[in-house]
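Chain naming follows the written order as A, B, C, D, E and F, and within any one chain the residues start at number 1.
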Amino acid sequence: MVTHARKLLTIITEAALEGVLVRDIERLGAHGYTITDARGKGRRGVRSAGWDASSNIRIEILCDQETASEIAAHCRKKYYDNYAMTLFLVDVGVMRPEKF
Amino acid sequence: MVTHARKLLTIITEAALEGVLVRDIERLGAHGYTITDARGKGRRGVRSAGWDASSNIRIEILCDQETASEIAAHCRKKYYDNYAMTLFLVDVGVMRPEKF
Amino acid sequence: MVTHARKLLTIITEAALEGVLVRDIERLGAHGYTITDARGKGRRGVRSAGWDASSNIRIEILCDQETASEIAAHCRKKYYDNYAMTLFLVDVGVMRPEKF
Amino acid sequence: MIDPIILFFLLGLGAALLRSELRLPAVIYDFLSIVLLLSIGLKGGIELSKQPFGALLPQILAVTAMGFLLPLVAFPVLHRLGRFKRADSASIAAHYGSVSVGTYAVAVAYLGNRNIAFEEHLPLLLVVLEVPAILVGIVLARGFSRQMRWGEVTHEVFLGKGIVLLIGGLLIGWIAGPQGVASIEPLFFDLFKGVLALFLLEMGILTAAQVGSLRKYGLFLLGFGIAMPLFSAVVGVVLGWLLGLSVGGTAMLGILAASASYIAVPAAMRISVPEANPTLSLTAALGITFPFNVLVGIPLYYAFAVQAHSFFGG
Amino acid sequence: MIDPIILFFLLGLGAALLRSELRLPAVIYDFLSIVLLLSIGLKGGIELSKQPFGALLPQILAVTAMGFLLPLVAFPVLHRLGRFKRADSASIAAHYGSVSVGTYAVAVAYLGNRNIAFEEHLPLLLVVLEVPAILVGIVLARGFSRQMRWGEVTHEVFLGKGIVLLIGGLLIGWIAGPQGVASIEPLFFDLFKGVLALFLLEMGILTAAQVGSLRKYGLFLLGFGIAMPLFSAVVGVVLGWLLGLSVGGTAMLGILAASASYIAVPAAMRISVPEANPTLSLTAALGITFPFNVLVGIPLYYAFAVQAHSFFGG
Amino acid sequence: MIDPIILFFLLGLGAALLRSELRLPAVIYDFLSIVLLLSIGLKGGIELSKQPFGALLPQILAVTAMGFLLPLVAFPVLHRLGRFKRADSASIAAHYGSVSVGTYAVAVAYLGNRNIAFEEHLPLLLVVLEVPAILVGIVLARGFSRQMRWGEVTHEVFLGKGIVLLIGGLLIGWIAGPQGVASIEPLFFDLFKGVLALFLLEMGILTAAQVGSLRKYGLFLLGFGIAMPLFSAVVGVVLGWLLGLSVGGTAMLGILAASASYIAVPAAMRISVPEANPTLSLTAALGITFPFNVLVGIPLYYAFAVQAHSFFGG
């Protein structure tokens, strides 16, 4: 099986950001994204998802290195300081490179 | 800690496929799988998980390279054209290699 | 974009363990974690998340190699034999290394 | 006087069109549908327990025939006139041959508000109408190929959530009878309209989500989504009259015929006719026909029934 | 006349055995249990507010003793006769020494249908019976080891969801009294049987999921899952009679004794006796004993109570 | 007699403080709030349908003015006295200028229990009070910068879930009128207090979660969280008296003024004033003011209203 190298950027952040973040992501060139609901803990304390205000989401974006960098930089600049947010990058292989 | 190299195959697809896909995966030799509910967007548009028809699932399968290839090839052949579906592969380390 | 190498340890296990596991993880030095609800199948059979007793969780921990090893070893020793549990490690890149 | 449940539908529709963040959690929608399906089944079952089943057989057969017929009419229109692909035409036809439980529930409320009686075994006819169109749709898309796993298809069709709950409710109502069911009435009957109101709130939101694709698929689909239910309603009303149903029952059969499925059929088609584009059929059934029926169709079809009975004689 | 709530159980069971995709979302199941537990607690609390607590003390003590005794009887049977591992035997014994709120609720409906009165403080006895068996189970598995973190165990046992809601409901009912609670009756009392019906629908589905493992663990477990509740019912009925309960109350105590926990105990055992295989105890409690009690046991234990009272005298 | 719904709040609070694992699933909490918001809206709308809208205009304007005023009073106190950052002060001020639907619902129950009538259009005033404080908060944090995307802000504010449901309920009640709404009363009105009880159970759990941060932010916040509602209540009561409201209505306006938002405002502030720390405002509004109002404030503010009416004359 031939796979092509791409990046998987995962953003874990506050559920309140879902709307704006999705718009940002698309504007910056991502062709798609996947969202799951999550809870967790980080420097901003426990976010236990008992109600909207304490819920997290986990956004995954498959894209090329460049788009990943841009989205990550954008998030860093616009959201890092004021929101609970964690980002990480993983190398992945995809089968249909043209899609991402 | 000694870890052994395996593959993590992640399939993001329509919730309607859960039943058939799980049967396929087991038939093709996977020893297990993990499913989470998801929503997202891709070439088939927004799937916002407001109800069954627009819900996604995210299936993760830890297995060896070969099984991963087989499952990926099977999905590509059987579901790619007609269903919302995204696949990607990641290299992972596991502790009990005999399990996967 | 400069990223720093870290580990992503993912633990898939029974929902009943959430409380104790989270305490263990923090005690062993993790600075945070993310939890999503899951279902799945493994050597302990189908866990379909129909009710508490058959629900899984998926815990992700971003940390350095050492902490990951320690947590993995601890889980192996304390929970592996008696609980449904799967662990795997992935190499990831993070932007703010001091956070993890 | 406009029924508040319709206003809930419009609230959901309006809020979603204005891009409000209002949504009902998916599991709540699930829960509300479960309660509605069981309620409708129970109501029908109680009534069945009061009358001999045999007497209903002719109606069941006639309605089944209608369920086979309607998609066979819709298919060529979609395929020839609409130039839809074979699979898409078959799938849409199946949606329109089957029924919508939401529409039925709104009709129950509509007739209830006006104190118009209808045969209480109509939920049974609703169940009967769910199935044939699905089979027709699959055959239209696939032919009678030997490769078809009919076992799987039957399983898919008869053990889908919707049908299990309807039939289950029917059986429970039938076995337990009116006295037996009395103790669960506060949940299943007294709350019925409230639950329906919340259900329609979410239906409004889901309908709004189809509007985007509506623009894409254009005028033919819009026309079909209105013309087809009108045609089906006439067929249903005539059949109801022929079967000797009351005015209310005749209207109900017209409404059932006119309604298009958006629960059982989409699920079945997705598995059995995967190459059919689900957006197409949902846009039509949910984006056009459901609001049309709920806002305009139900009173209209009732007027049809009144006409039929006064014209041909009761 | 068969109670419709039993039919809901059978519907869930049947649908799942036929591999229908019908399921209730887990959060809905959660929600229904919360409402049931609070309802039962409230009912008991209201009654407590009407009578001096002291009068109940003897009953509470006697029932506590029964809660300690029953698992001590079950354990050697499982360990010696059944050749189950120590931890497994202890865990199963704890399940059978404790009680099932679902079974209790079905029994309430059963007696209610027949207008058979029972002492309204039974929810208090239900709460009392939840706990001792858990402690016995842990000690049987672990011994009185000093390593046991009894603080943690107590926390686990008394602050588990089920007990908190039952006790919370009791206290609220007690403090607020009948008039106070009147305003929330429509949700907690009028809907009780409807909520129970939906709860049992899901219980049927969950029960069906145990059938696979049933085949695996064989005949001994099946026998135990039927013989143990029969034995416990006799103990409970005799105790009820000795305590001077009414026929209904006697039956209820028999039913409580016969029922096996599938909420509080599994959760506590999973944490405190991790080496016990949870499939084993759930198969027995949920796959065998729950349906047995609900379908056969409750009428039977009621008959026991009638016998006891007519034989020994009221 | 203590209202059981307060006991539900205390149960949730107590269970969470003892670190019980009891929690209501988030989607259920969501569902309960949806039902509450719609109920309150419907109630108000029905009443609006009975009286000319014009007559209410003066009240609406006066209450709007109060909504603008209160945060302007709170801001300097927080910023100067409390030494909170500009953004934090603005955000907290916005929370206290707006209203809490949960507190309102508890007050409805409180007055209902005592058969104290109040003007039924108060839900309308509740809606009116939601908005101005949000705008003031944003301007206080940002100034009238041209960069502010006011379109987005307006969208955020008026199309948030809470306001859409309240206004939607109002409109539905208004259009459908008392007869129209009758059919959905069993869900929205009969269950109101039961739903509120469960809602408060979860509110108790959420409140307990704030206690940790309470310790961190210290005495000033605690003082503010009690003094501010007392001050606002006086303003509201005086305004109510000036507007010629009944004693009940006067108390209600005091309660609305005293309550602090924890649904609409946090969501709007999170997006529009991101640099404000949400923990701070939630600790105050949810951890201090909500329990204070529910346990102590409501009876107190009612006493204020009685005083005002007997002192100044009805």
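By definition in this document, a contact is a pair of C-beta atoms (placed from the backbone, for glycine too) under 8 Å apart; a residue touches a chain by one contact, two chains touch by 3 or more.
These numbers were taken from a predicted model, which means no experiment stands behind them.
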Both-way neighbours, i.e. chains that touch subunit E and touch subunit D: F
Chain whose average C-alpha position is farthest from subunit D's own: C
Relative to subunit B, chain with the most remote C-alpha centre: F
Between subunit B and subunit C, centroid-to-centroid distance (C-alpha), Å: 19
Interchain centroid distance [CA atoms averaged], subunit A/subunit D, Å: 40
Approximate Å spacing (C-alpha centroids) for the pair subunit C, subunit E: 34
Residues within subunit F bordering two or more other chains: 21, 27, 30, 186, 191
Subunit B residues counted as touching two or more neighbouring chains: 36-37, 90-91
Pairs of chains found to touch, sorted by chain label: A-B, A-C, A-F, B-C, B-D, C-E, D-E, D-F, E-F
Residues of subunit B defined as touching subunit C within the complex: 1, 3, 6, 8, 22, 26, 31-37, 62, 90-95, 99
Subunit F residues touching subunit A - in the complex, by the definition given at the top: 23, 26, 29-30, 202, 205-206, 209, 213, 262, 266-267, 270-271, 274-275, 278-279, 282
Touching residues on subunit C, where the partner in the complex is subunit E: 14, 16, 20, 45, 48-55, 79, 81-83
Subunit D to subunit F touching residues, read off their complex: 1-5, 7-8, 11, 15, 18-22, 24-25, 27-28, 109, 112-113, 186, 190-191, 193-195, 197-198
Subunit A partner contacts - residues on subunit B that touch it in the complex: 12, 36-43, 56, 58, 68-69, 72-73, 76, 86-91
